[in-house]
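Letters A, B and C name the chains as they come in the text, with residue numbers starting at 1 for each one.
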Amino acid sequence: RFGIGYVEDRSETTIVRGPGADGLNGTADDVLARSTAQTDDVILVSRFRLNIDGIAETDGGVRFEGRVRLQADEDASNGEANSAGLNGARFSVIYGGLRVDAGNVAGSFDNLANYYGNEVGLELFAGQYSGVDYNFLAYSSTGSGANAVFFQYSVGDFSFGASYDQAQATVIGAGGTTSTTVDADRWDISATYTFNNITAAVAYGQTDAGVAGVSDPSLTVLTLGGEWGDFSGTLFVADDATQVASTDGTAWGLSAAYNLGAATTLLFTYGDGNASADTQQVAIGAIYDLGGGASLRGGIGRNDCDSCASDTIVADFGAQFNF
Amino acid sequence: RFGIGYVEDRSETTIVRGPGADGLNGTADDVLARSTAQTDDVILVSRFRLNIDGIAETDGGVRFEGRVRLQADEDASNGEANSAGLNGARFSVIYGGLRVDAGNVAGSFDNLANYYGNEVGLELFAGQYSGVDYNFLAYSSTGSGANAVFFQYSVGDFSFGASYDQAQATVIGAGGTTSTTVDADRWDISATYTFNNITAAVAYGQTDAGVAGVSDPSLTVLTLGGEWGDFSGTLFVADDATQVASTDGTAWGLSAAYNLGAATTLLFTYGDGNASADTQQVAIGAIYDLGGGASLRGGIGRNDCDSCASDTIVADFGAQFNF
Amino acid sequence: RFGIGYVEDRSETTIVRGPGADGLNGTADDVLARSTAQTDDVILVSRFRLNIDGIAETDGGVRFEGRVRLQADEDASNGEANSAGLNGARFSVIYGGLRVDAGNVAGSFDNLANYYGNEVGLELFAGQYSGVDYNFLAYSSTGSGANAVFFQYSVGDFSFGASYDQAQATVIGAGGTTSTTVDADRWDISATYTFNNITAAVAYGQTDAGVAGVSDPSLTVLTLGGEWGDFSGTLFVADDATQVASTDGTAWGLSAAYNLGAATTLLFTYGDGNASADTQQVAIGAIYDLGGGASLRGGIGRNDCDSCASDTIVADFGAQFNF
């Protein structure tokens, strides 16, 4: 997918090497300076994504899968291109309604029905989850990801998920003379129920704070999604306990999509939270299907927060195609 | 493709960590030293190149393409191998005679008919353009490239091209206390006309110097190419305005290819310029077709310039195959 | 392949940035501290490996091949995942019994029949060669490898191999004021003979020490391998002359495999050496074939050496599948 992206007051911070007191470059007193400058608000945005999948099935019907993703994106801060890269591998075992993922996996939130809802824009720049600040286990398309395990079991209208991510964090004491390594394991669970054209899902996750006397950050999410003919919508409520006052509290949002005729879809999303640094996003967008796996997409929205100096207008437009 | 490459007085500069005043490695006073040494003149040269293309076509006949290139080369300075890497993605929209590229694109010069002419050697180490020093927008096989746009329109015997590359440059003041970010946008245009067995092309491009009172560097190129039976040849003239005295001025060159029998092609190329640092290249080479997409290739040439201490003999030989 | 890996007292050293004397992060006196800590002994282990092969065949029947490998592994020190990467390219010319490899090649030892024998475990964590410390030319799956040449010629029951790797090393003098670049070329040769169900192989290789008066490190290996119905076994003897007292001397080992029924294979391997720092490995393992290219694999073993403070128990279990 590629197109044009607009972000109000887009800026970039670069670190440059320059002459020191002697005014000459390339001498021993050269200094590194940090320079923040506004860059072009309108840039070329793009993403190239290719999944490399390996699949094997045993005589007993157990399916093994391996996936590595090759992806290239533009650098959003300055509008230049990035080289393509490879991410961490994900391995799956699938048998009947049971699925176990290992490696660079998506956790219960990332896999939760209607968590993302109808995101808006070519780059999906806005979504109903904007007020959430908890860092849950998610699939990484451009990095190595976590080395975790995710279980999913489906039976009838019910589906259950759970993930566990083993991790450590190293913290250094004042003065730099001592440092300690503490646990930072994460886990989450979810349950989903579908009745007629409505899907309800709930998930809970927490991260080990690693320090005695400090509460573990956690997140609870409830989503509802439904479809009525050409209209579909989602509702989102979350309790975000990051143990940081400016981001803790309730987050909420909703999104809607409406098929206008055969090829056009209109989209709307809204997300907010009651904490001062929670991001509020409102955006509308549209998708026009060109056939053959290609479509034109665009959107315009506004990001803001209670403690932000000013709001930011965001917009994009472009073409997306699958191959 | 792979083979043997020779460069006279090939040398490498390495940075090594070693013991400081205490004569011991691994202590706090370890120093980094720079060591330049001659390496083997004859090394194994190689290139592995794989294009990863994604293609989609809409119901209306518009064609979308995405490309990422996977490439591995040897390290020419020391003869060791490099790991393969991925470059930046290029996206294309093609409809009738119109083509629009976005991302890591080739500009009007890089796409210009007969700009490169008949390059010589397994590694194409010499070409008629050797006197040109202007840095035009080019496709990057091993890096992220520019994030630019290129337009091409063909109608009958005429073809037109244009590209635009948005860029910034950060410059730091003396003392490192101030720095500024200036525009460094590049653009270029071209026109090509084919009559009978002759193709004439002209292109002009310039780069924003970003500083008031400084002229923008620019390049003007005129090429002619023709084919008469087993013989083909190209002529090249350029006005190279880099705003640097040692590389400014006129550059010129020519190249020729002659099919000797069914499988052998002989090649010759010559490039030069009137500025003191312009590289002069003369080289002859040959290609022997083995069938099945494989060929043996080699060449020998001489690089020199007016202000160079001595000339450099370059040669290579090897096999190239397509898959 | 993926599974669970156990290493006794697995530990990781990390370098963290922390506050300096002022007790504040992000200030000029921030320090870097090194922190070594035990991590989880049991981690998720995995490997994703994809060979990207290009093949061409000339009209005369000469076969050209190019290969780049895409591989992702877990980080064994902390149990986190690594992103996938590409290695250096290997090029091959094959004609009749002759094969020439160039680039990131395996040398005579790496290609030697029964050098590795029956390695044990999902991750092949133990082998009969454990007492060998000489650094021979080997194929690199995750790095750029050496840029070398390997020749192999097979005629009847005999097979011969030879490789040559051109390299330099830079050494820095005490005080860091001088440095020199010396040759570090490696070469090796091998011969293999198969009679009935037994294969005998011998190989010799040495590396240029680069300094006058210092003997060149070398390695001599003799292997024997045989198959009798469901049983196969290998014997290994080596003379390891690394020019370092704690690793020089004789190394020996053996391995065995036994097919227990239709789907199960039992494995045993033992390797040792007479030098004080030579690693001794003993391990047993099993493979259970699931069909469709998938299998369950696991093993348990013990690593030790004469000068080691204590031994280390190693074990793993998991699934491997080919696609």
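To be clear about the criterion, a residue touches a chain if its C-beta (ideal position, glycine included) is under 8 Å from a C-beta of that chain, and two chains touch if they have at least 3 such contacts.
A quick note: this is a predicted structure, and the numbers were derived from the prediction, not measured.
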{"item": "Equivalent interface positions on chain A and chain B, same or different at half", "value": "different"}
{"item": "Copies chain B and chain C - rotation angle from C-alpha fit, nearest 5 degrees", "value": "120"}
{"item": "Euclidean distance of C-alpha centroids - chain A vs chain B, Å", "value": "38"}
{"item": "Overlap residues in chain C, where contacts from two or more other chains coincide", "value": "85-86"}
{"item": "Touching residues on chain B, where the partner in the complex is chain C", "value": "2, 12, 14, 16-21, 23, 30-33, 35, 37-40, 43-44, 46-48, 50, 70, 72, 74-75, 78-86, 290-294, 319, 321-323"}
{"item": "Residues of chain B touching chain A in the complex", "value": "52, 54-60, 62, 64, 66, 68, 85-89, 91, 93, 102-104, 143-149, 166-168, 170-177, 179-181"}
